[in-house]
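Handing you this structure, nothing more for now.
Think of it as A, B, C and D in the order they're written, each chain with its own count starting at 1.
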Amino acid sequence: MNIEPPDPSLATRIIVTGGTFDKHYDAIKGELTFKNSHLPAILEQSRVTIPIAIEINQLIDSLHMLDEHRDRVLTSCRNAPEKCIVVIHGTDTMAQTAQVVGQAGLDKTIVFTGAMIPYSVQGSDALFNLGFALATAQSMAPNTYVAMNGRVFTWDQVRKNKTDGVFEAPQLNVT
Amino acid sequence: MNIEPPDPSLATRIIVTGGTFDKHYDAIKGELTFKNSHLPAILEQSRVTIPIAIEINQLIDSLHMLDEHRDRVLTSCRNAPEKCIVVIHGTDTMAQTAQVVGQAGLDKTIVFTGAMIPYSVQGSDALFNLGFALATAQSMAPNTYVAMNGRVFTWDQVRKNKTDGVFEAPQLNVT
Amino acid sequence: MNIEPPDPSLATRIIVTGGTFDKHYDAIKGELTFKNSHLPAILEQSRVTIPIAIEINQLIDSLHMLDEHRDRVLTSCRNAPEKCIVVIHGTDTMAQTAQVVGQAGLDKTIVFTGAMIPYSVQGSDALFNLGFALATAQSMAPNTYVAMNGRVFTWDQVRKNKTDGVFEAPQLNVT
Amino acid sequence: MNIEPPDPSLATRIIVTGGTFDKHYDAIKGELTFKNSHLPAILEQSRVTIPIAIEINQLIDSLHMLDEHRDRVLTSCRNAPEKCIVVIHGTDTMAQTAQVVGQAGLDKTIVFTGAMIPYSVQGSDALFNLGFALATAQSMAPNTYVAMNGRVFTWDQVRKNKTDGVFEAPQLNVT
């Protein structure tokens, strides 16, 4: 009996755009900023054995994202050879970028996630969210999703509640 | 526009059985042992908003599990009102207990997970695995699975490679 | 043979003024800010058995300190019944406040310390610095000191090198 | 005005012997064990700028120490060119080894410390104790001490209370 390698269809691309998830404390400046992505260290910690490609798309705060920044995410999703994609994104405008990508209707399972507390800070939700997003990317039908707070939202049914710091689905008024 | 509450079908039960995931350092004894489950703290850290029921089934090392311990897990899975179940289990005999539960053929999505490094120790994979397992429980068809190393295995196609400390699918020889 | 209680002369007051040491990540605002002091939790973690009084004097960034804020620290040092005092302070103007307190020439051992990385962030120097400062407060002759980077500086022979993020003693030119 | 380098008399040797302080979680064996010392990483985290020599004397559990192991610590203390020495030691027999070294009456300040919870486990006292011990080694008169629980004990007036997990001074009965 030999060992079967992981199914190649599970190969996943993680597209890193910055956001709280990846912030790093700069001891000289005394503030949280971007330096390098924590993704390679996080994946090692997660003991993942499926093939993962990490792509540093940009490292910015999502409040500073312009249309061109969101287009860059869409282009990466379009060009990715993988069928499973996780996008690490700031939470403040995650829903907007997910909308840009979702409207393109790519035949891939694209899952946006991020963190409310940086990976490098005590009590971070980053590792949980990454695990949640990776499983979602492997198991859901092709579409674009936001995976936060232990829930999966489709791109056109999600917004961030900035008061409570949670993602929620707006309810359509049915008449 | 009102806020839609999470879909009640996402309600998930987490059945805790102990294992490395939940070990705690006892400063007096100088060893890793079981005291209370870390699950309530972990879920708070994960910022999960779906309804979760936590059930402390047992708190033991999976190497010490006898048939009666595995049966207790099966009974809990059978009795759970939820359709989505995550079982936190020691890695050493996770595949065996998954087999006991899987053979029962319950109409629920039951996902076993655990950790190679305890939640309370630097570099733990516990948070990642919990996130991965929760998403799997929500999105996969009813069956029993093992979710470790960023992969989902069905209960009859998984074993732990104790040399490398990873889960893998044994390959059937086809003649 | 009975147990001798700790020498009452070791009783120590920790005066908290804020600074990087005590910053806390606010997930809603998405920034490091002040909420409560981490000192009670840190002392529990440190397993200290000597009597410690914690005084929250203020919780501000030391770059925002005015003369009145430094005077408030001096007043607390003067009024403290203890002979051993540790002041938790932001690093940016720690040397200035130490100078204000040092010039008062109180008959107490007063030790300023802080952190370059907050207690709540990975890789923090806060716990090390607190231990270093507490021992200095117990063992050095009455005077005012800055204890950072594993070194003890007297209040009139210390400055922060903001380029390298370390404390150093300016060298007097001898002619 | 130039920068004065640290006083060379502050040069400190850290003699590592193992103990809880330096234990590491082995994910394959599923237990806390010794691999490499964490001291180099800890000193970097502590941002120490004084000259420190790290000597890996042995890496064992102090319950397994025999006379020859304690003699090896004494020999290292005797041979050290530095006047300030910190010995990282398991807590269970720290008092015994301190007695062996203390009776030798070396003209150095030798400070034993350790941890009740390993550096690599949440809630560790290791960083605090190291800072406390380093300051004690720099500031106290030559002798051998145990520095734990935020207190300094001389080598002939200390024991570990194994029930409470704290160090204390036995009280001499005066008649």
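Keep this in mind: a contact is a pair of C-beta atoms (placed from the backbone, for glycine too) under 8 Å apart; a residue touches a chain by one contact, two chains touch by 3 or more.
Since we're looking at a predicted model, the values are computed, not measured.
The interface formed by C-D recurs in A-B: of the pairs listed in B-D, A-C or A-B, only this one shares over half of its residue-numbered contact pairs with it. Distance from the subunit A centre to the subunit B centre is 24 Å, each centre being the mean of its Cα atoms.
Distance from the subunit A centre to the subunit C centre is 40 Å, each centre being the mean of its Cα atoms. Each of residues 116, 123, 165 in subunit A touches at least two other chains. By the definition of touch given earlier, these chain pairs are in contact: A-B, A-C, B-D, C-D. Note for the complex: subunit C touches subunit A at residues 20, 25, 27-28, 30-32, 92, 116-118, 120-123, 162-165.
Chain contact summary for the complex, subunit D toward subunit C: residues 1-4, 6, 10, 42, 45-50, 52, 116, 123-125, 127-136, 138-140, 147-152, 161, 165-173.
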